[in-house]
Amino acid sequence: MIDQTMLQPPTLPTNYTVKQGHIKTSTGKTIRTEEMIINMGPQHPSTHGVLRLEIVVDGEIIVDCIPHIGYLHRCFEKHCEHMTNYQMVIPYADRMDYCSAMTNEWAFALAAERLLKIEVPERVEYIRVIMAELQRIASHLIAVGTYGIDSGAFTPFLYTFIDREKILDLFEMTCGARLLYNYIWIGGLSHDLPPKFIEQAKDFVEYFRPRLKMLNDLLSYNEIFVKRTANVGVLPKDVAINYAVSGPQLRGSGVNWDLRRDDPYSIYHKLEWEPQVGKGEMGTVGDCWDRHIVRMHEMEQCLNIIEQALAGLPEGNVKAAIPKRIRPEKDAEIYVRTESSRGELGFYIVSDGTASPFRVKARGPAFVNLSVLPEIAKGAMIADLVLIAGSIDIVLGEVDR
Amino acid sequence: MTAQDIFDILKVKFSDALTEKKFDTVQPWVRIAPNKTKEICFFLRDDSAMQFDYLSCLSGMDYNNGTFGVVYHLTSIVHKHKIVLKTFCTKDNMHIQSVSAVWGTANWHEREAFDLYGIIFDEHPDLRRLLMPDDWEGHPLRKDYKVQEFYHGMKVPS
Amino acid sequence: MPAVGTYFYNIFHSLYTVIVGMKITIKHLFTHSATVQYPTVKMKIPERARNRLYVNIDDCIGCDQCSMACPVDCITIDTIKSTPDVDLGLTSKNTKKRLYVPRFDIDIAKCCYCGLCVWPCPTDCIVMTDVYEFSEFDRKKLIYSFSNMSTDEIAGAQERLKKYDEEQAAKKAAVKAAAPITPPSSKPESSAS
Amino acid sequence: MEIIQKLFANELIVSILLSLLPLVFIIAYALVVLYTEMKVAAHIQDRVAYMRTGWHGLLQPIADMLKLLQKEDIIPDKADKLLFRLAPIIAFVGTYAAYAVLPFSSIYIGSNINLGAFFLVAVGSLVVVGILMAGWASNNKWSLFGGVRSAAQMISYEIPTAIAIIIVVMITGSLNLQDVTKFQDGGIGNWVVFGGPSPWLQKLMLMPFTIITFFILFVSSIAEVNRTPFDLPEAESELVQGFNTEYSGMRFAMFYLSEYANLFTVSAVGIALFLGGWSSPFGTFMSGPVWGIFWFVAKAYIFVLVQIWVRWTLPRLRVDQLMYVSWKVLTPWLFVCLLSVGLILVL
């Protein structure tokens, strides 16, 4: 009845040999057992985009997990080399990590500014910090919300989207776009803050604190959720560092490393805040719950930063330092890394003295964070794999660039 | 630890593998030989004074003159110092030793560099294309790259 | 805690957290919903909204700055030089227009709404409006032509320029014939830039 | 006229017509519950759900149904065609057959058999066969996972259900659901969940155990209809759609319908056993055969509402945790209840 060829494993480019075995039943019969290869994605609902995972399972236990990426490859780096101006890269950088576009443009703008040795006005720095932290909240809200969906709770997702909407309204008010802003320019900003921005941002901070508590009650500390995520997908400290994971994932593993503090840029050193580290409250340090809770706590810290930055916002002209011609020296090169919502976002730019960059390498945090997935997925169940992949919080736009 | 100190220590141990250095730029770099990368990187990672346990970025390069290269940006989480390593190869001999045994993160970065530049990393455990399809022709980020006309009968927009 | 204790604690703690969650959701059941009934009710769009591009062609001087700034090359501009005897009028910023713009096409399907074209414009004639509902069934309809020149006008302008160029070339040739040190110059520049 | 009279005189035709009555009911009920679920879910999530078809989208469930019926029926090429076609029918038959013994009112019950409660449990497990069949026949690995998970889940949750029923049977002394309901007639105080119509001391002693039993029956009923937090067989984020991934159109509608019909069945069992079935909560006030139908449906509806509320609040359990809940929490607690109730009744 069933076509036998369908039961054959598909050819694996990795030359994985499917292990076979035998078990004896109580009646004395022997039954052939075989590992099964399942394709998870690229159209699977919980792979957060077009990630394809080839998983070898023994029952529901994962024996091996091979990620295949590149379905969303848009040649970001090649495009950059063809731009006739550094400024034109920024709309493309927006589209890398579309959930956190503001931090992307900042990273590229910062790299170009260091390459050109531009000092930006104080006000620009403050506004950038406010925007980046708002963006971090928006991005973490998506991460937390979709993590709820992964674990089966649909409702928190929509609550987070209501809150995110308020942040996007702030962005739209400021620069006219809701998702891909092109707001942070090399040397400055495209617009100054609109008149009512500060008031509304303060309102948002007020509004969001109780919402965070509600989200924690509804999801983070729900016993079912805790039982699902605690002790699952444990990423030990040394493996995390060896795989150069960054951001909430690294901090979830108990490494106190935040580029905003450890490789300072902008005005973060003037503000008071604490990097959040996973403590293994519900299970082992570095499990999925730790990564989740680090994001929740980080949102609180973002609110603190925003409050301070709003209070200390100086006057100034946001377009004062924008250069007329962007033409770095010949053979100048720089690697600038910033703490984006997902971790270390670095741009390695090499100039050849012309107006278009010679080489731009984007070191995306999601790309690197995803590469550790096979390490931590082994031995988990399929249901856990969904949660592990969700806790990494990948954005395929950035993984594939 | 400054780049000079790191260079001095390395010079003692691997004198012949260090061929060039540049310290007057924003980010000082040291050039190492392509067949010694693994050894040097192991030393950099494990030496207690260095402890470069964090490979920030690994980028392939095409210098548009027949020279290809790989740039390593290293950080130490413990000591918080940084160093940039560079290694070069020529178009006829695109072999560079893999460092994926040293840092797990290098695995995917090297696969990406292989995919986009065609640099072959010796001793890499799983050197397959990463971003492009397995049967794609050419290496797109090379400066002399020409888009193939058809891919499985589909016209490739140039 | 002994194993038995954990067993009972887990059960009651689970029930407690479930009740906490259910309390939150039942509260939301009776709060006002956040959605907007889109086509009938529309959200307010802020002043700075960046949506469909609009070109005020009367102000355009054909400088090609916007097209150069565009990262996705969605703007195509052709220009024809005007002859000195024609007055193309002034822009709203009182600069003199010197170029005909027979073609100003924006492929709005390609546009990425980055707004980079708006800033370099010397006469502020290309702007982003707040219109966001402009989907079409035919992709070709998304190529907007803003030029208001008819084919006859374009042909006339080209003709005049050609004539003028020839006259100029003839004049130059005459000058050069008078001073035969330099070799005769090559043919005149092509009309369209 | 004569023909009609003759027709009604024929016992067979009358019984067929009578048995079709629940089918009409199921479809109407499914539409109502579908609408309720969408609206409640939406408002819990600060949305508004359908608003366009009819007043506040009242006609949308009908439109959904019509759409499902019209859709192309796709059978995968490599599927086991016979089983694939059979599976939704079996799943539906399982739920539909259960309606035979549900006491809708003091005069209307499909078949007043003495083994009513037993029949319910037995027929209910037929659904497992249908789902397992669907999972296997689809020839899709995700579906197979869903089918096997479903089988494991339903079988393990049949046990708490069965024990809960036994406890009620011990109190009421009958397996006939009509008798069980009649036993509880006469107001809210007589319901089994509050100890039944027994002397007050016995009632007081029974009450904690019956409440726990009722709660456990509620939990396992959620598990039996595969809803969050026990929706592993069709866990969207893990198994795409589980056993019904490959189904479309009419066949999918059958699964859908059987899910909603099953929702009513488990609720009906819960209320018939514990909440007085068709009997009015106010004693003789508003009681009678027609009011009986109203009370029965209304109580079941409230039961379903609570299930919907739970569904849109909680995350999903994992397979091993699901088994843990069934075997290590619900079943032992029920055994304690069973023993205690037995002891109290003997005293």
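Going by the order they are written in, the chains are A, B, C and D; count residues from 1 in each one.
By our rule, a contact is a pair of C-beta atoms (placed from the backbone, for glycine too) under 8 Å apart; a residue touches a chain by one contact, two chains touch by 3 or more.
Please read all numbers here as calculations on a predicted model, not as lab measurements.
**Student:** If you average all the Cα positions, which chain's own average lands nearest?
**Tutor:** Of the chains present, the most centrally placed is A.
**Student:** Consider the two chain pairs A-C and C-D; indicate the one with the greater count of contacting C-beta pairs.
**Tutor:** A-C
**Student:** Taking the mean of the C-alpha atoms as each chain's centre, how many Å separate chain C from chain D?
**Tutor:** The mean C-alpha positions of chain C and chain D differ by 59 Å.
**Student:** So the centre of each chain is just the mean of its C-alpha atoms; given that, what is the distance between chain B and chain C in Å?
**Tutor:** Using C-alpha averages as centres, the distance is 40 Å.
**Student:** Between chain A and chain C, what is the gap in Å from one C-alpha centre to the other?
**Tutor:** Each chain reduced to its C-alpha mean, chain A and chain C end up 31 Å apart.
**Student:** In whole angstrom, how far does the Cα centroid of chain A sit from the Cα centroid of chain D?
**Tutor:** 43
**Student:** Where does chain B touch two or more other chains at once, residue-wise?
**Tutor:** Within chain B, no residue contacts more than one other chain.
**Student:** Touching at least two other chains at once: which residues of chain C meet that condition?
**Tutor:** 18, 21, 24-25, 28, 34
**Student:** Provide the list of chain A residues touching at least two other chains, using ranges where the numbers run on.
**Tutor:** In chain A, residues 155, 159, 162, 218, 222, 224 touch at least two other chains, as defined above.
**Student:** Check the chains against each other and report every pair that touches.
**Tutor:** A-B, A-C, A-D, C-D
**Student:** Which stretch or stretches of chain C touch chain A in the complex?
**Tutor:** Checking each residue of chain C against chain A gives 10, 13-14, 16-18, 20-21, 24-25, 28, 34, 45-50, 68-72, 112-116, 119, 128.
**Student:** Would you pull the chain A residues touching chain D in the complex into a rising list?
**Tutor:** Of all residues in chain A, those touching chain D are 1-3, 6, 36, 38, 44-46, 60, 148-155, 158-159, 162, 218-219, 222, 224-225, 227-228, 381-384, 386.
**Student:** What part of chain D is in contact with chain A in the complex they form?
**Tutor:** Touching chain A from chain D are residues 41, 44-47, 78, 80, 82, 139, 141-142, 145, 228-229, 231-232, 235-240, 312-321.
**Student:** Please name which positions on chain D make contact with chain C in the complex.
**Tutor:** Its residues touching chain C are 40, 42-48, 51, 309-310, 312-314, 329.
**Student:** Can you check the complex and tell me which residues of chain C touch chain D?
**Tutor:** 11, 18, 21-22, 24-26, 28-35, 37
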